[in-house]
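Pasting the structures here.
In the two complexes that follow, chain A is the common piece, with chain B as its partner first and chain C second.
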Partner chain A sequence: MVEAKGYFKIRTVALLSILLVVLAVAPSFLPRFFTYLLALALLTGLLSTSLNLALGFGGMYQFHHAVFYGIGAYGVSLMLMKTSLPPVTGFILGPILSAILALIMGIICIRLSKLYFGMLQLSLGSLVWVVIFRWYSFTGGDDGLHGVPIPSLIATVTGSYYFTLIVTVCCMAILYMIVNSPYGRILQAIRDNPERSASIGVRVRAHQLVALVIAGFFAGIAGILFVSVEGSAFPDLLSWTLSLELIIMCLFGGWFTFFGPMLGSAIMVGLRTLVGGYTEYWTLVLAIILMLLIYFLPEGVLGYFQGLGANPKNTSAEDR
Partner chain B sequence: MLQVKDVQKSFGHFQAIIRANLDVRRGEIVAVIGPNGAGKSTLFKIISGHLKPDRGKILFRDRDITSLEPHQICRQGVSLSYQIVNVFSRLTVFENVQVSVLSRLGKAFDFFTPAKGLAIDETEKILDSVGLGNVGDRICGALSHGEQKVLEIAIALGSNPELLILDEPTAGMAQEETSATIKLLERLNHEGLTILFCEHDIELVFSFANRIMVMQQGVSIIQGPPHQVRENREVREAYLGGA
Partner chain C sequence: MDFSSTISASGLIQQFLIGLSRSTILFIVSSGLSLVLGVLRIPNVAHGSLYMLGAFLCYSIATLVGAGSTGFWVGLALAPFCVAFVSLVVERALFSRLYDREHLMLLLFTFALMLLCRDAVKMIWGSEYRSLAPPEALQGSLSAFGMMFPKYNLFLLSLGPVVAIGLWFLTHKTKIGKIARAAAVDRDMVGAVGINVSWVFASVFVIGCFLAGLGGALVAPTQNINQGMDHTLIMEAFLIVIIGGLGNVWGALLGALIFGLTDSMGILVWPQFSIVFPYAVVVIALIFRPKGLLKATW
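Coming up: the complex of A and B.
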């Protein structure tokens, strides 16, 4: 048993190392468009992984996660466009703003559970979206903010790609540590059974609130990465349809697995680009994917393959 | 050790507990019996903080715990094992007990130490003590009902309680599993753990408990040693069917 687990981990480390090497050299052989697409897939992967901390590992129906992504993007864009502060300030403040918003929304929503939590969060997120959408003088309204003055080092496609890759890898490593820490394990216990968790001495709401803030913070980081790749921010980044797509990405990849949302995001970003070349009805394809997913892969792609390779009776939290 | 004083609890117009009094001394095994709907589970939920009483007080080691939250009551040394299997379904057996130990050790907000290296010995010791040491790496959903009920007790033990409250610990168990669980509880009691439980198996209650409290339609009608309870006229009429 121990040997099998050890082998599994060595194999995982080997696969991740190969993947990292491929990602590191990708811009040298990929056309510019695909390098850009890869950067988009990476930052979307980080975004969906941050959502999954609350959704898959925390059991909270975070229905409007995109709002934190959008606030991160708008935060850095506004700082770079409307102040003369060093650009790094904007890149730091963006995620912090997202975390603060996550804290405020969390405090309001945390007393509710399951669907009620999700619906209230959806309402509050939509309020934030309306403010961004209507406040022309500050946020550019439905036009958004374009031509954000990105520092020259990361203003090129290759520069922004490597910036995205490095930040994403660092953030994924931190999130992995959090998920596998005592905090993360207790968060999974709360997901499975909040009442029982309270009766073993866990402060359930405080624990959940911290998860929401962490998830919001990393969504904000994905937001600043988006600005570094696109050089713009617009209200669609905070839309509930994007939030829905993120949930589907988590479900698609496997919402009880750590790397599932990243895989789901890569597949979805690729599919969206591919399908977008043929039809404008991407959401129709998305709906079909969702239906197939619910029927045939309820544990997601990675969850399915892990299920094939492991004895379902003894899959520990680390293996997931 | 534990005193329940004149506790009342209503749900809307339904009075689940009209007046309950209970006294549990250190080192005792105390049983609460009564027909379905008598208010036993409600009383246990009030003691463990999951429900708040409308009136009355709960004292634990002379400290008023009536208004405390469940996690605060757990930290005072009271642990509850539920009537319906109430485990962490997607975690392994080992992880189920480990989270309880980690919570007690104050590691709940440790973000960067790998959990797999923490509280190993203590968790394994608890699993060995309840006879689940050989199934620690199983997802708990793969255990039998009896094993899950024992896991319930193991999770409760993870918080190192002074008072263990068990809501029908042997419900749904086979005869062999029931005997093993009773032996386990007797051993834990000999090691110093105070036990408060409710159970429908009257023979088991009278052979296992030091003292028994009887509830009838939300009222505690008597508390005393088994022979005294058995001889009580009110109890015989109301619960033992005049036997």
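Coming up: the complex of A and C.
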């Protein structure tokens, strides 16, 4: 998918810079609701990109990624609500908590592979969910935490949008560098052939564990962004349905592409709002879209267009 | 002091019974899930939706037939077959074309089915709560040893072993069961000796879904029938299958007992956190035996 050395092709650079400029000036043209929606799409995109690091590039069945997102959101909300420490510590601690949880869950799950890995992670994640769901005195139980005191700079819609935009762009850049670093290459090599990687001296488990922790950390960042946009945290953030929806977003955009999940999330968030305006049966529409995707577009939207691209060597199908 | 201790002793037994009958339902549903997971290697996320469908169908058939308890019996008898028929159609028309894809695609496909079922139920039955009375013969309670045992729970308890033995007989003593277990281990080899694996998979899938429908129909008189049913159940069923060992009927039984009993006993210990106990037990068991307590089929 990506050339051995180079970062981007000219066309991609041009597209990305145009997109960035559009995103940077968007709030002055768009109504408040669309600014909010855009922020939501961006942070969901970051979340699904972080999932894709483990799922698409690491080849690990990360079935319950939403847990790290939720823990990041709850971490920052609780820090802001229950302590008098400066808000910055909350925003830093949230992702770190997610990373620690990812490390613990990773150490337990990493012994297994594929479906067993996914299901063990699912059960660990649902334990975390159920604790948060029930711990009324601390996490607010199923009501969640509302009215989180967000610092005034990012409390407005525009403020939180720019905060989300800047953090997302930085994180995407870091993730891109990780994917294209020697470490990222090894990770993809492990995905393609773990036995052979092990036999040439790669420490398979350690590399996979690092990928899980990185994915968890960036999911935590998406969590704090959600709190800054929404001002609340609730148990649905950790729900299994959300985790599966994230996998759909990765599938939608394209597994084996870097920007695919971001595109998929944007499409999903947009579609949900669009379809939700017409009918209450959004899940039905989602189900039909998903089925069509699985049958006709298993490489995802971006994967499909890359496959159409001029250079057949770059197709994601071959890269698998 | 003495008074409270007697209360808790009978309360303990009663809670135990409730836990056991809850375990029965969980066992019936999760044994179906385990069968599908063990043979087809597909985590069928839509299993909980079929359970919900079973409950709603049982309700509808019972109210349609009417006439007191006969309605319920007809519903109980027909609903699982309706669910099985739906699953057969879905399997043949849509699912069977995907078997050579990745597991993740199959998982997502069943997720799509779950979403589809959820909105279909919302369209057909609306979002109100429904409830169904148990048949007259099973209403009320039996009193023994100074305690009351609801008859319907006893009925459920008697059904659990029947399903367990029936399923064991099916998988270990009949020809199709043996083929299915062989196909679970090596699909290509079974195909190579001239057996139509696709139909074996279809029948296993349909049997699994039948059990989901049966569980749903059985649970209908004991709780509110509502849209959230699928969501809570599928998670529990998955955990049970995982701790039991994939594809192992006795494992599903063991898992269901662990899950149902820790849940109902936990209420006595710490009501607010009772729901946490089963999850915690599952996680502890999995940390020590990550592939489940009993032997998995693959």
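What to note about this one:
Everything below uses one rule, namely that the second predicted complex is superposed on the first by the 301 of 320 C-alpha atoms of A that agree within 3 Å, B and C clash if a C-alpha of one lies under 4 Å from a C-alpha of the other, contacts with A are read in each partner's own complex, and residues count from 1 in each chain.
Quick note on the criterion: a contact is a pair of C-beta atoms (placed from the backbone, for glycine too) under 8 Å apart; a residue touches a chain by one contact, two chains touch by 3 or more.
What you are looking at is a predicted structure, and each value in this text was computed from that prediction instead of being measured.
By the touch criterion defined above, A:Tyr61 lies against chain C but remains apart from chain B after alignment on the C-alpha atoms of chain A. By the touch criterion defined above, A:Glu195 lies against chain B but remains apart from chain C after alignment on the C-alpha atoms of chain A. Using the contact criterion defined above for the overlaid structures, shared-chain residue A:Lys114 touches chain C, although it does not reach chain B.
In the superposed pair of complexes, A:Ala287 makes contact with chain C only, with no contact to chain B.
In the superposition on chain A, contact of A:Gly147 is made with neither chain B nor chain C. Here chain C touches chain A in the complex through residues 41, 43, 45, 94, 97-98, 101, 103-105, 108-109, 111-116, 118-120, 122-123, 231, 235, 238-239, 242, 272-273, 275-276, 279-280, 282-283, 286-287, 290-291, going by the rule given at the top. Touching chain A in their complex are the following residues of chain B: 48-50, 69-71, 74-75, 79-80, 82, 86-92, 94-96, 98-100, 102-104, 107-116, 118, 137-139, 142, 155-156, 158-159.
Residues 61, 108-109, 111-112, 114-116, 118-120, 122-124, 126-127, 130-131, 133-136, 240-241, 244, 247-248, 251, 280-281, 283-284, 286-288, 290-291, 294-295, 298 of chain A are the ones that touch chain C when the two sit in their complex. Residue ranges of chain A in contact with chain B, taken from their complex: 1, 177-178, 180-186, 188-189, 191-193, 195-204, 207, 210, 256, 312-318.
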